[in-house]
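Following are the structures in question.
Both complexes below contain chain A, partnered by chain B and then by chain C.
Now for the complex of A and B:
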């Protein structure tokens, strides 16, 4: 899932200070689950901002709202009235949610309350770790199911490097060496021959470069005709 | 129906330090029009007083009660039972802990204490108005098994007494025990984990090489615990100090300690690494009396942050004082110190005289016990809390001395902290009786203050499932969280952490807490 973290309170407070009617909008999906921007965090932030405004003598109105998935227009439309009624939307979703609102209502100012971080896995309650960077060309079938792009500090395709020591990475001794883990996993699976095969340079054209990537499923797309029909009954 | 409130206040602790004006507090509380009865009594735990109080509640048709006393678990459960019989729903009785939340933290600030007590009482009344009656349900226990962890002195006694009550006892012993006890003994076995809840537990037991599942209704923790030694810098500073229990053992074998004897509560006055638990008070009094009887002319100093003597121990305190034991209560900020260059002198600031005293040391003993990690595994398996000393924590020294906070799990002997054989045996008897009575009831009550899920808000994120210490939440067939009500202990952790605000604790909802807070802040926010 997408894992995010709330920005520091001081930064958020400074952002919102000039605006009178502020709608704080959270999301019930990834950011709720990673305890960054669900209903609970929305309520807490609204209370904190209200207290701060009161303490500093500013007349501001804060309202907390939560939508099912802020990255989807249909869910955002559920709170359209509230958005149009605001001076500022403070999004507690990931940047996708914030940008969805911004694209839907271009005249409205949308600020992020979270820093969107990683594609993470909850390792345990309260701990999320990055395991994929979305390079668009998955190779983990050759690396024992462990992604060296995300988990090796140098994103090496042929490892380990000389800095691997006792299973740890030279860049940060607290980080496990991805290639050591790959070696151990392949050994367990009797596939160690794979580690001796040299991987050629990867096709990075699928990764983040040359502007935003768009994924299209032609079979799922509606035809112009279907779209018009749906819009007509809206 | 309009709320009809009884305000009941206890003088036992609240008036003792002459801090609170209880009459004034009662006036503030009973000003509210919905208060139809207000009673300030000597001791809410006294059965005679309970009878009187509840009779008045009945007469005035009271439907909810505000108790201004100490914490709920320290109040005689007979009070709640009596209200229940009189038709007051048990979840409509709200306790305000004046002792721990007002008196102890503000002992030197009369004005602040009074103001806080009034605010808490008024906020408590607001909360009381928002409470809803809750009901409990019953489930039949599947077995009469009582599993006793440990076949030592306490465990064997517990088995004997529980069996006499009619329970089937099974002792889980890590070594191969040969002592005779009623019921089954499983030698060479240990507890790995526990599913279920008090009344219907399923334990997984490692017996030899095999892992077995064992159903039981109650568990008695009687695992014992070894002594630990002082280590590191503390050991250096208090090089000559002996633990209290060891001095006691030495005296029992006829040794005469060199006077004057100084007993300090903890060699670490900051209390970070060692804590003094309830046991230390009684044991210290006993030792001090023995010392004085053995050598009447030698001084015995008891240097404690505080000395509490419950129940009959008060007589021991009186005896010790009469024999000439010197009690010195010190200031936490200037606790006992020993200059390594002069190891025969201890300096401490006496709270009563506000003066630094220098005390000569012949023998130095300390009452705190360093952490002993033996019981961590058991506590983890049973999901019961540990005390700062590293033993299993009891419910409350006054009311629940052999219970744990988890229903159906009892504890006795040195599993809590090191104890004498007599004490371990007495506690084994008590725990066996508690467990036996618990099991022979045959049914468990559940419900009341439990978690409740608004499924339409649940995102099945598993946060509550991972957080709950009792495995009460699970993902049901609809793909949303459901609560096993029997397992729910009403702790509120799931409600607190749920990112979707899908869980609320019945009887302690956001609205109630918000209203209470608003009242405390003067209704302004």
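Now for the complex of A and C:
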């Protein structure tokens, strides 16, 4: 899932200070699970911002709202009235949610309350770690199911480097060496021959380096005729 | 002109927290009766939002009182409570609001002196800092 982190309170407070009517909108999906922008976090932020306004004697109105998935227009439309009624939308979803609102209501100012960070997994309560960087051409079938791009400090395709020692990474001794982990996993699976194979340079054009990516599934797209039908039902 | 009464809210767990307050009263110890006690099943149930909303609603200071950490009725409830209090304190500090307005305390039901001590500490904080902000104050 997408893992995000709330911006420092002071930064958010400064961002919103000039605006009178502020709608703080969270999301019940990824950012709720990673405790960054769900219902509870929205309530906390609204309360904190009200206190800050009170402290500085500013008349500001804050309202907290939460939608199911802020990156989908259908859910955002549910709070359209509130958005149109605001001077500022402070999105507590990941940047996809913030940008969805911004694209739907281009006249409205939308600020992010979160820093959108990683594709990560919860390792234990309160800890999320990055396991994929979305390179667009997955290779983990050759690396024992462990991504060397996301988990190796040098994103090496042919590892380990000479700095791997006792299963730890030379860049940070607290961090596991991804290639040591790959070696151990392949050994367990009797597939160590894979580590001998040299991976050719990767084609990065499928990653963000190749520019903005848009994925299309033609069979799922609506035809003009279907679109008209849908509009008519609305 | 009558002096403004400090507004102190205390979230007390219904086990040792409340019991220590009751024992204090039964043993004839005095504490500022204006403190508003909110009984909670466990301080692990207290969330940051409860504390912030109490401040938002006009409390000058807020305390959370739970069982001793090694003797919590729900094992780790008062540890949870402390973590939440610490989180709120750092949030307040980040906003430039005095973090000492919020404190966590622990007591056992036999510590008759503890509750009056906590109340007087938090009343002092409330008196010293007053209401939050110019737009704040008595409501």
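Criterion: the second predicted complex is superposed on the first by the 233 of 234 C-alpha atoms of A that agree within 3 Å, B and C clash if a C-alpha of one lies under 4 Å from a C-alpha of the other, contacts with A are read in each partner's own complex, and residues count from 1 in each chain.
Following the convention adopted for this analysis, a residue touches a chain if its C-beta (ideal position, glycine included) is under 8 Å from a C-beta of that chain, and two chains touch if they have at least 3 such contacts.
From a predicted model like this one, the values you see are computed outputs, not experimental measurements.
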- Query: Just from the overlay, do chain B and chain C fit on chain A, or is there a clash?
  - Reply: clash
- Message: Just to be sure I read the superposition right, which of the two partners does A:125 touch: chain B = first, chain C = second, or both, or neither?
- Response: first
- Task: Give one of first, second, both or neither to describe whether A:55 is in contact with chain B, with chain C, with both, or with none.
- Result: second
- Check whether A:29 is in contact with chain B, with chain C, with both or with neither, and answer first, second, both or neither. first
- Message: Is A:40 touching anything from chain B or chain C once the two structures are fitted on A? First, second, both or neither.
- Response: both
- Can A:9 be said to touch chain B (first), chain C (second), both, or neither? second
- Message: With both structures aligned on chain A, tell me which stretch of chain B collides with chain C: 44-52, 98-106 or 224-232.
- Response: 98-106
- Residue overlap on chain A between the chain B interface and the chain C interface 40, 43, 51, 54
- Residues of chain A touching chain B in their complex? 28-29, 32-33, 35, 38-41, 43, 51, 54, 66, 122, 124-125
- chain C contacts chain A in the complex at 47-49, 52-53, 55-56, 91-92, 94-97, 132-136
- Item | Contact set on chain B toward chain A in their complex | 457, 459, 461-463, 466-467, 497-501, 525
- Message: Please output the residues of chain A touching chain C within their complex, sorted ascending.
- Response: 8-10, 13, 40, 43-44, 47-48, 50-59
